[in-house]
Amino acid sequence: MTTNKVTFGFFDEDAKKEIRRASLKAVALPGYIVPFASREMPIARGWGTGGLQVTLSLITEEDTLKVIDQGCDGSVNAVNIREFIVSVTGVKQTMATPEATVIQTRHRVPEYPLTSNQILVYQVPIPEVLTIVEPDTAKQKEMHASVDYSKLWVLLYEDTSQFGDSRISSRYPVRVNDHFVMDPSPIPKYDIPKLNNNPSLQLFGAGREKRIYAIPPYTKVEPLKFTDREFIIEDFGDKCCERCGATDVYLDEVHQEDGVHFFCSDTYHCDTNKNEVEDAA
Amino acid sequence: MISTINGHRLEVRSLAKQFTLHSRGGILVEGFRDINFTLSNGQLLALSGPSGAGKSSILKTIYRTYLANQGEILFRRSDDSVIDMASCPVSRILDLRRREIGFVTQFLKILPRISALDGVAHPLIEIGVAEDEARERARIMLQRLGIREELFDLSPLTFSGGEQQRVNIARGIIAPKDLILLDEPTASLDEKSSDIVLELLKNLKERGIALVAIFHDQRKIDRVADKSIDVRRKEI
Amino acid sequence: MLLELDDVSKVYGVSCGNCLELTGDSSECAICPECNAVVAVNRVNLSVEENEIVGVVGESGSGKSTLLQMIYQDQKATSGEIYFNGLKDSNGNKLSLFNLPSGKTSWVRNHEMSMIYQNPHLGLNFNFSAGGNIAEKIIGSGEKRYQIIRDRALHFFGKIEMPTSRIDDYPEAFSGGQQQRIQIAKALSSSPRLLLLDEPTTGLDVSVQAKILDLIKALQYEMGFSMIVVSHDLGVINHLTDLTLVMKNGCLVEYGLTDQILEDPQHPYTQLLVSSKL
């Protein structure tokens, strides 16, 4: 006898337990990269399977789900992932950031401040921050163990010497809890300060690379920077969102035939802001 | 045990040296043996004797370039402690060479890319004398030894044998030492230069420095030496 | 005492337990006749004081480089201990470099010691600029202020007599002699107590070799670090060092003042080595 009935959360309980164990270890060692047995998924690796597995392992019937891709709830990938999760769990879905209890994200932190009732799950392409300076994985482990990140600092030094500041625009290395340095996934520099002391639990899943890591709630997170240099985030000058008029948000630069346009990257924030502005008028 | 050496600067007791040539099946070659002397501050001991009798070997053994097979080389340090240079640790010897004991070789050992003046100033700079002052003192020393001014900035490799020898002496005696060993300091010098060097040695003695020097010429020995040893090869 | 080696041995392969006794300076080679393990370093004892310059000579395969690598912790010793600069554990006992907690190991490597390799590819990261390579050592020694790092990198780049305009160039843009100079600047930029040099000028032409040796000597005099120089070139040893140790089949066969080793060698092997000088 076989049955076509899918278990809650797609995975069997043993698989979910294994992912939860890895997640718990990651929470216990903030910024430390924990290996896990990345499962086969109905979507290809590299398309958010890491985040998806973390989400599926911890979501419950009471949760409300939000999925964004570069801040957008409506992009094809976000929609597909959200619908898949809902189809295997039956949880409520939402686009409203404050209503969500689990938010899976690709490359953005929502503009709306998160709370301690929320979990932010990042999709991560390259979990090992040291890959760029040290290809040897054994040496990477030694460097983490001895908290020796001088090679990353050299990148900062070289950029500062030749360009006046770091050229890293996304995936900016951060030091977590004054110890491990980790890759925050390809979020813009703009979002880096939001990682620090954030009330929500932040989990990072890399499906292709089979790694999970975490920033527990209210954890110190600081960008790697020289003590005599400022950490400078993206500055959009006098530009504002052409749709809602917001200026204090991360803007997407859209190149069209008639020139460059700027819009909010976070679509939920843009919608609410637009409504508020219109209501006020 | 090191006994007191009665206020002497240096006392050498039954010093002997032989070389073992392992490539020749371990044959022994006699260097010298049974060398005994004492030397006080301001005294000069002359070593003389035929070529091959072991005069240079004695100097090198005192300086620890050769290892003695037997005997003691008791040296009174500036803090009045007495050390046996034949058996003390090598790091002590390095210490002594830096501050207290000088060696003037027979042939010039100098880098081809360093000028005569810088070469002579170097031992002073090494003990912390400011560079300008060291050069000035080197200049005076070279002038005194009769080296022509236009040679100061050239490498001594281009100098005549006599000039090289004088640069070598200048380098060996410019920094303050308590004991200076000199291997034939007047060997390739003419009468006039020889006289200058002998006068210089007398000055060193007057300043209380103890000297051991190799000479061939009895008249020179008579002029500067307080005592002398005629080194002869003794049959084994 | 800056550095103390206590009966340090390195055996490659599975040892039968008697390798150290069955090989050594009086035997034919360093391969154990019973178990074929290679004894690279055989019970070496050595102490190096502050400011001392020690040369290591011996034929290829005599264990010179392995000895250096163990001091720099590139390799772990099979037996024996290496004590450095009075490092002690919490009970006040002397702490061997091999027993340091891993964080302390990189601290010693970054702060206290530096190594200059014969092959610049070992000593320099060719993906970093010349300045970046120097900066890596300065950063590793704990400095996190950009301006200080940059100024110190420029300072040491000047010290090796290179035009500072080239500091942001990458190593492959420099000649072999210049790459060696950059290694020197990198090695010295953390103001180490001990500098290890493994055949620093082998393969360079003689005029470049002389300049680099002069530079090392001048910087040693100015900064006052201790050095251990491995070289098969007795001229280099004579020029740079005060003390010399002679190795054969992994054993230390003779140790003394450099002029004594060269002029009055005692051990048959040292006599052979010195008589082979051109």
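Order of writing sets the labels: A, B and C. Residues in every chain begin at 1.
One rule holds in what follows: contacts are C-beta pairs under 8 Å (C-beta built on N, C-alpha and C of every residue); 3 or more make two chains touch, one makes a residue touch a chain.
All of these numbers come straight from a predicted model, not from anything done at the bench.
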item	value
Central chain (distance from its CA mean to the mean of all protein CA atoms)	C
Chain at maximum distance from chain A, centres defined as averaged CA atoms	B
Length of the line joining the C-alpha centres of chain A and chain C, rounded to whole Å	46
Centre-to-centre distance between chain B and chain A (centres being mean Cα positions), rounded to whole Å	77
Chain B-chain C separation of Cα centroids, rounded to whole Å	33
Chain C to chain A touching residues, read off their complex	102-103, 105-106, 110, 125, 127-129, 131-133, 135-137, 139-140, 144-150, 167-168
Of all residues in chain B, those that touch chain C in their complex	19-23, 60, 64-67, 90-91, 93-94, 111, 113, 126
Contacting residues of chain A [partner chain C, same complex]	133, 142, 145-148, 150-151, 153-154, 156-158, 160-162, 226-229
In the complex, chain C residues that touch chain B	49, 52, 210, 214, 221, 242-243, 255-257, 259-260, 263-264, 266-268, 271-272, 275
